[in-house]
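Comments concern the structure below.
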Amino acid sequence: MSTDTRPAAPAPVQPRGPVRVERRLPRLAPLGLYLAGVALGAGLSALTGSSLSSTVVYGVVLGTLAVFLASRLVEGRRKATDRLVTCLVTTAFGVAMVPLVSLVWTVLDNGLARFDATFFSNSMFRVVGEGGGAYHAILGTLVITALATVISVPIGLMTAIYLVEYATGRLKRAITFFVDVMTGIPSIVAGLFAFALFTLLFGNDVRLGVMGAVALSVLMIPVVVRSCEEVLKLVPNELREASFALGVPKWRTIVKVVLPTAIAGLGTGVTLAVARVVGETAPLLVTVGLITGTNLDPFDGRMATLPVFAYYQLTQPGTDTQAFLDRAWTAALVLIILVMALNVVARLISRFLAPKTGH
Amino acid sequence: MAKRIEVSDLDIYYGDFKAVEGVNVAIEPRSITALIGPSGCGKSTFLRSLNRMHEVIPGARVEGKVVMDGQDLYGADVDPVNVRRQIGMVFQRPNPFPTMSIYENVLAGNRLNSKRMKKAEADDVVERSLRGANLWNEVKDRLDRPGSGLSGGQQQRLCIARAIAVEPDVLLMDEPCSALDPISTLAIEDLMTELKDRFTIVIVTHNMQQAARVSESTGFFNLNGVGQPGRLIEFNPTEKIFSNPDEKATEDYISGRFG
Amino acid sequence: MTATKAPSEPRSQQAVRRPGDRIFAGSAKASGVFILLVLAGVAAFLVSEAVPALTAPAEDVPGGEGLGAYVAPLVLGTLLGAVLALLVATPLAVGIALYVTYYAPRRVAATMGYVIDLLAAIPSVVYGFWGLAVLAPALVPFHVWAADTLGFLSFFAGPASTSGRTMFTVGLVLAVMILPIISAISREVFSQAPALHREAALALGATRWEMIRMAVLPYGKSGVIGGAMLGLGRALGETMAVAIVLSGGAGATLNLISSSNPSTIASNIALRFPEATGLGINTLIASGLVLFVITLAVNMLARWIVNRRADFSGAN
């Protein structure tokens, strides 16, 4: 808390009126000063052998400095600090945008080369060079993700119902806490868990699609629980009471009043949970492996999945390196599209399934 | 249909906290019984214990007897769900189900219990209940619209229609007008006087004029201090309570000399 | 809950429950308990598969010097990358969170938050691709510069890697990956800072930054710490991005920019597991167990910090 504000403030411009008016920079001046600083930075960068990164760095630093100094001279220390923080915070946001934009651009740039019909209709069966595609891997990802969803949603939803509608005391606290902790399990550890489980059951060197689904479920269940729990908590208690007062048993109240009221949020939560696991690579690497042909039976041997496919195309290219790299980038592009599509679907669900109010 | 409820030596607890103590009262059928008293004196808690709604709160329990036509509602083999089918309830804030239309809201008690009904029969129940709640003329053209689109007073009457659609014996009302404007309040009060021919009605209200206007008998709840259990101080015909109460505390409260 | 002092009428508390209710409540509870069992199962199965590596003679474990010598450099590498990521990501994430909650124009703030969340949605294998193809080459000049000017620090001792596939690059990739989780939690606690305090600060004539320093940061501090710990947990366990970007070796070194880096536990498993056999698998699972224990400890601490804040703020 600044105590020395009054002496530090420049003389009021208008001595009359109840509100003290201080000298301020004109409204667009900070932006102008900032841009001037950026331009100066670009010039400096050009002198020292220009590159994009040095231009940006010099520009941002000089722009911030220009705004700070101008404000310090005209508006005083407090306002200058405020403007400095505004610059810093905005810069932080800008910095975070750089990798996102760069990443999306890179994947688009490299991935569009093989974004063709062959990629979606052919597998890698007996392909050693050009051609081939990820048909088998895309379908494998869909099968395994669907299986993981089938395992996770009932368990996750029922647990959320238990936490919100029934649980009290120590068990509730234990489950809440460990579900939170479980969200932090590294995906590779989930994979090792599924591997260890199935090795004990079926002996060494077993690789099955269902192992991958189990591993993904370990990652998915806590996400489903948390999002469903949040949504169920939002259902007003009054609706439960209204139903109880009509002589409806608790379980019917939950199934027929609480869940339908929350359906939009539940759908969104589950979709986002699917989006979270659909791109998981590490657990599938150690449990499902990879094959070149199409295997859609999760209970019979190795399967191909899109993330693992992308990984091996990149890291173990065959004779025609460029063909492998192209397929890897296209697989990455498809993966991003898949995840983004799920995110969009989640938002659509929450928009269109929300209870109608009739207003 | 309408039934008599006798309460004897009823104590109500939330965990270790005793909320209400030693209530003895007989609620007469085909009449309106009002419960008045300052906030936090346990009148809503008592009302909710009559259809075992208070059990929804974890740790809540009662000691004593609540007998309806000879049957102890807290008997060992009595399912609270069945109690609530006989004793309906209307809440402070209107709470129609947001996922259901007006039509479905009225039928909610049946639909939620998966009771099979023919279309004609269901239509009949809906019309009868909505007419009973004085709402039919206002909504008959938009039965398939969401119930939450109605005004507050209409929503509350929809909730009453929903409660009487399952044909209970007793109707409990927990400050049903406190969230409503004066005109809607009058509509609900008129409705109550019509409904008392068919139901036993118990209403909790903060509004003493309302109690005086609609009820035959009035009970006054009070508590001695914070943390003390609430008690039923006086239970008498409404006229007597408002003109010549037995207890000093009642008179103080009625005449606004309270607190 | 029932009949603590009801000598006269114990029967009245015994609520009758319908079969439907009992089955439904039972299966809900069973699901909750099942989750606890799964977590215990993760630990139990990992231990049971790790035991052979723990009991095997030292010379049979890959590397030939026993499990401890095998895992130690990996632990070092794991911590090094994760801590670097944390140091880079936390200030950025706090800045982003402040920007989105208090600086961005109201109309676009929600969209900006959503865009940051998109960073979390991108699969880690894609981050690996990007790190390898874009970030690593882009950082080579920095590596050279750091080796020249900062070489007196053991972190930048050099010689600078010519590929950029170093622990330093990995740390930055991980920082981008954990940015969304830290900023999401920070955003949440910042936006929950009591409006009364904020308005009180503004009413006293505080500038926006002074308001944030007085009313928002003190309130959100433990939330930010908890969020950072969660980010740390995520970075510790991150696998694919590290496996793709890092050109790992066996050496245990603090040097962030040379071509010989310690690998991380997770990436080591991903790289070696598909070809491992026999005791090799057991050793990798044992290292996974170590990772599990580390992340579990970090996450439990983080949750404890976050939950403690929730208890005190009175916001639920």
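We call the chains A, B and C, going by the order they appear; numbering starts again at 1 in every chain.
The definition used in the following text is that contacts are C-beta pairs under 8 Å (C-beta built on N, C-alpha and C of every residue); 3 or more make two chains touch, one makes a residue touch a chain.
Note that this is a predicted model, so its numbers are computed, not measured.
Enquirer: Going only between touching chains, how few steps reach chain B from chain A?
Expert: 1
Enquirer: Which one of the chains is closest to the middle, using the mean of its C-alpha atoms?
Expert: That would be A.
Enquirer: What pair of chains is linked by the most C-beta contacts?
Expert: Top of the contact-pair ranking: A-C.
Enquirer: Measuring centre to centre with CA averages, how many angstrom lie between chain A and chain B?
Expert: Spacing between the chain centres: roughly 49 Å.
Enquirer: Report, in whole Å, the distance between the mean C-alpha point of chain B and the mean C-alpha point of chain C.
Expert: Roughly 53 Å separates the two chain centres.
Enquirer: Compute the distance, rounded to whole Å, between the mean C-alpha positions of chain A and chain C.
Expert: Roughly 14 Å separates the two chain centres.
Enquirer: Listing for chain B: what residues touch at least two other chains?
Expert: 58, 81
Enquirer: So which stretches of chain A touch two or more other chains?
Expert: 249, 252
Enquirer: If a residue has to touch 2 or more other chains to count, which residues of chain C qualify?
Expert: Counting only residues that touch two or more other chains, chain C contributes 18.
Enquirer: Which of the residues in chain C come into contact with chain A in the complex?
Expert: Residues 18, 20-21, 23-25, 27-36, 38-39, 41-42, 45-46, 48-49, 91-92, 94-96, 98-100, 103-104, 112, 115-116, 118-119, 121-130, 132-135, 138, 176, 179, 183, 205, 207-210, 212, 214, 230, 233-234, 236-240, 243-244, 266, 269-270, 273-274, 284-285, 288, 291-292, 295-296, 298-300, 302-303, 307 of chain C touch chain A in their complex.
Enquirer: Taking the complex as given, what residues does chain B use to touch chain A?
Expert: Per the stated touch rule, the residues are 51, 53, 56, 58, 81-86, 88-89, 91, 93, 95-99, 108-109, 111-114, 145-146, 148-149, 159, 162-163, 166.
Enquirer: For a test of understanding, state which residues of chain A touch chain B in their complex under the given definition.
Expert: 168, 236, 238-249, 252-253, 256-257, 260-261, 263, 355-359
Enquirer: Can you tell me which positions in chain A touch chain C when the two form their complex?
Expert: Touch residues, chain A against chain C: 1-2, 5, 53, 78-79, 81-82, 85-86, 88-93, 95-97, 99-100, 102-103, 106-107, 110, 154-156, 158-159, 161-163, 165-167, 171, 174-175, 177-190, 192-193, 195-197, 199-200, 218, 221-222, 225, 249-252, 254-255, 275-276, 278-282, 285-286, 289, 307, 310-311, 314-315, 328-329, 332, 335-336, 339-340, 343.
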